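First chain A sits with chain B, and in the next complex the same chain sits with chain C.
Take a look at the complex of A and B:
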């Protein structure tokens, strides 16, 4: 838990800067105590229960310490190898030394880490550790090669060289379907081995589709609610909010009931004589999009309503009295005024959709899984937290990039009629 | 994101919390209690009836329970942070073997736990088999006028048996049934799957069925799919099928002779458990033949104790995974194969299913 240990944050060189920052923080806090104090619990909660765990987890993407800490001497020696042919003798000697000195539990984690890179590495490491212990003495290279011929070929050494670094880029590359060649050059994997690029593209496509549909459905709905008489507006508002108060899982399960083969939708279609046999709705992209749109709709409707309610009706009258048609008035006056609400809604829907997990899992087929489903697999089944962290990292990057772009283009100032 | 969050909160924040209120956690329990994590639903109910409640009655030690899906991630976070919330867990074979190697579990105290009655394959330095289940070819007999499917080749034969097929969205069972359908014998499955050619063969076989597969992802979902007609046959867990046939009155049948995949769970005691002695005592108690027999009478999953097999009726024993009579048709568990090959094959499977 690096972020908890004070030894990592205070370094000898920057103590002056640290003091300055500390003094500045204290002064700022004292000056704004009436604001800062009530904020403290929330702030501390966000930092300790949200930001730090996320940062810690994301740092696992490049953290090579699980490997380096087990074979420190090898890590040092192999850094001097150029990756061509076989490593020099001192690397073999270092590995033999490291493996005989390491605890069995550490050797097991090392074997698991290296097996993520290539099947068979686990067996190779465990076997070497076991047999080295039983038989002492002899020249390191000959001993390893006698245990398994694989030690006489460069593949395993390249994996060790790439993994045994305090800062490793392996997971970052892997999460983009890239691989580093023996010479250090990076190339895209062969088509059949690619997995993540396609799933990222799918995640973005699904999220964008849901966002667009939500805007198309939500904008008129918000307009109707904002401009309806008080009683009607209250009822419409309730209808918007009701699903919002139901848990996401319950709503997803409700869609399962509707979409399944002998479900409500197929029942209605058959009853109406439109078809003789039920259609496949469950486990399709259609089901995922419909359900996600249903779940996300309030996130675009609510900000829009609050913005629309603040637009005085006489703005539109003014536009029309100056000769604008109804449509022109809507596009040039009304729409720009609603952009803050629209961009808030779009950002909410898009960023939340990117991380969807339960809905694609329950309603989608194998070809509808999103990046979160892969993250879950790597966290829970493979225990490959480094790769999971790298996948999550890109998800955060996408979300931030989207916020930046939408925040930039949909800001009302640019669009306002001058 | 939800998962990253959940994991990092359980892991990192757990550690942060421990750092803040360290002492309080350790000294909280005045009355002795054990926390056992199992799989929830009917499995946990059966555990409570046959193991937990009788143990409390005999020893006075209270049992608190929790449920999980066999994942090692949570256990690893607990052991590495020193915040042990569970004393006993019940992961599957591969996870039990992996955790044992990595030092996440306490060694079994064989001075009080009697393991003589248990075949060597089912007891390791720190785990012992708690439950045996099989993935079998299950089908909704109401969907077929004549005879139902009898083999995995029939499962693949969508002309003779029209309708969709339910498969677990997991590389392990899926590759095995594909090879069985391709004519590989149950005891040669892993030999074939070891080789690149064998792996290609399994994926090629899956290609044939691709358009007819519906993936299920949980114990309840697999049955729901059979009952609602989402698919007409499935690779499903024997205990869930049998219990649904009983409680839902559905006409579900199992073709054991097609070849079934034996799998199961093992009990482990988490490293650093504050109630280690009580936990070992519990395992000794739960492995008594009478308790094990009681468990088999309560749920359609088998146990490993041979003495327990003698205590239940022959009719019940006939549908119990782990029953030697069913062994000829069983693909035996192979934790070691999956520890070596899971990551690579899983990525290939996910990529295949994605296309």
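Take a look at the complex of A and C:
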């Protein structure tokens, strides 16, 4: 080899190349130290307080160690089973051995993990562990089947096979209402078993509705602020920014006061003679959307104002002098020039709306809960971190896809109004 | 009400555009334009010249329809323009910053007016190409304005304003953003287009040289009122007011007293006793103080042997203080015995007098080129 290429060859992985990269990095850092050093505290904070915890949390979606660490021998043995019929004897033997050797606390955690997959598994595991300890001999398969007939059917073994992997896709599939068949093929669950697809659709619908309303309300508002005389613009700006200075929780609670059965809105409606008795506003989709729109409006207005302020009035004058009516001039000249600001606002409102939690919880009914509410339930109530992480992961994927599509089509335009 | 049909004014080509008693004032502010009358002929290149704040741009914006006059009427080609929306006026406007739409290509920018007028597609392409070749930008149609140089953008703006055969083209300081060489080039280019297409052009500038070189007629504006309307030669050589004379070109100002007026000529006395003959305007009476205005190129300089030698009674003694050689001419700053100083611009040939600094000289003026204006007028 060396006589074919007399010069020094550098391949990836060569210690030479690695040294080169290392030296290069150090040099780059040294050269830009005046930028890199002041950046360090914030960078470290973001990495340790934000990035790493989130990555750790998301990694729980595919983490099978809580199962594998309790039944290591079974995990190894069951990997060789093809999922058809019942597993071989060695799998039964391994499970019996694992269950008798495991600590009671670990068995309980295993029982909980497997119960997430299928209700009833907790009882099955705990019962097996308890009775295996009392009874001391015999063939493994017969012993388990004697304890509970369920061990003679393939379901529980499929669950164990799917769960007893260090890297499991179970939560990822489950969170999209998908299931892996015995042969490993992925299919959508029957309609009655679907839990999450509807909630995703609802989350997207609510977020899109809020985004559209925000644009419809925010665009003319931003136009007014950007083109108003200085004093009027300052007052309007104050009104736009006011919600920013109040906490989200306080604003949501204020909406609760307004929307109550005996609340302000019903009071006004009854007083005006429009109704004889109060309407149900609280725990409706209407309340959720009104409140979210109120909270999100500044996010679409502010980027629009900054873009609109930079558009010289001459553009509209030019369009009109060339024969375009006011509407045509607005649509063909003004609107395209505001697209960068509009896309920034839309992306902000959409991505923030996707993650809403407090507002749907306090103002919405059971049918208005969004993905974040489910994530919270899984984390706080059932301690199913894996599924919660998987749901969160998809939420991030949706948000990123939206940013890519909207940001890619709208904001990458080459023009800039200077 | 003012749809143009109820205006029955016989209009010839001499008043294609007519401003009648036009007034523009902003709430709480002073009048930007005060009671202005102006007529522009068809096919004329008319320049509105004035310092910033003189109202020249406001006048243009009112003609384009971006501003509404507070009072008065604007009539163009027999149609009342006073309250007509800008998109109905059929006027091409070239803006100071060009206002090219950054999200459209050059061809889309130029074709905008045709799309707004629903011109058939094949004609659009034809007309856009014709307009682009008119401004010598063939093949630039697919570019974006951001990819063009300042001069090219200027020409796109011009093509965009001409493509729909407007009745009238307005230009608001269109050359002010260009560097000097490009500006000179574009001035010639604009004149060429004006003559070739027989356009009526209203051109706003604060650059007096530009106004003189390009225009058929110049309107000098000051504080919202017209100071003078006339051919460039008239405005330059026979300035109607002290303001016009000092705003256009370079001028020497000498204070004097009017002694007598005879046969349209005035005889004035300088503080140091020197007597001069000058042009006077009507309404002047002997005994009043005047300002004499003389352009540097009309100052005649002759050599004197010594500072004590007295010349003719109409010769002003002086001494060269500053001397700048321009190749084709020499520019001298001369301190006069009266205490003031004058600028003289004299043609220079290799064999001519050198007029070194410190040289004693005598200054004379040709009576036709010395104009007297009342003292108080230039007081401000």
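We take it that the second predicted complex is superposed on the first by the 388 of 418 C-alpha atoms of A that agree within 3 Å, B and C clash if a C-alpha of one lies under 4 Å from a C-alpha of the other, contacts with A are read in each partner's own complex, and residues count from 1 in each chain.
The definition used in the following text is that a contact is a pair of C-beta atoms (placed from the backbone, for glycine too) under 8 Å apart; a residue touches a chain by one contact, two chains touch by 3 or more.
Fair warning: this is a prediction, and the values are worked out from it, not measured in the lab.
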Looking at the overlay on chain A, is there a clash between chain B and chain C, or do the two fit?
fit
First (chain B), second (chain C), both or neither: which does A:41 touch?
neither
Touch count on chain A, higher of chain B and chain C:
B
By the touch definition at the top of the document, which applies to A:312: first (chain B), second (chain C), both, or neither?
second
Using the superposition on chain A described above, determine whether A:322 touches chain B (first), chain C (second), both, or neither.
second
Name the contact category of A:381: first (chain B only), second (chain C only), both, or neither.
first
With the two structures laid over each other on chain A, which partner does A:260 touch: chain B (first), chain C (second), both, or neither?
first
Let me test your reading of the model: by the given contact rule, A:273 touches which partner, first (chain B), second (chain C), both or neither?
neither
Quick check for you: in the superposed arrangement, does A:337 touch first (chain B), second (chain C), both or neither?
second
Between chain B (first) and chain C (second), which, if any, makes contact with A:112: first, second, both or neither?
first
Once the two structures sit on chain A together, report how near the CA atoms of chain B get to those of chain C, whole Å.
37
Overlap of the chain B and chain C footprints on chain A, listed as residue numbers:
none
Contacting residues of chain A [partner chain C, same complex]:
312, 314-315, 317-325, 328-329, 332-333, 336-337, 413-417
Where on chain A does chain B make contact in their complex?
1, 4, 48-50, 52-54, 56-57, 103-105, 108-109, 111-112, 115-116, 118-120, 122-123, 126, 192-195, 198-199, 202, 260-263, 278, 280, 282-283, 354-355, 357, 361-362, 365-367, 369, 372, 374-377, 379-385, 388-389, 392, 395-396
Which part of chain B faces chain A closely enough to touch in the complex?
1-5, 7-9, 11-13, 15-16, 19, 69, 71-73, 76, 98, 101-103, 164, 169, 213-215, 217, 221, 228-230, 339-347, 350-351, 353-355
In the complex with chain A, residue positions of chain C that touch it:
64-66, 85-87, 89-93, 95, 97, 99, 101-103, 112-113, 116-117, 144, 146, 160, 164
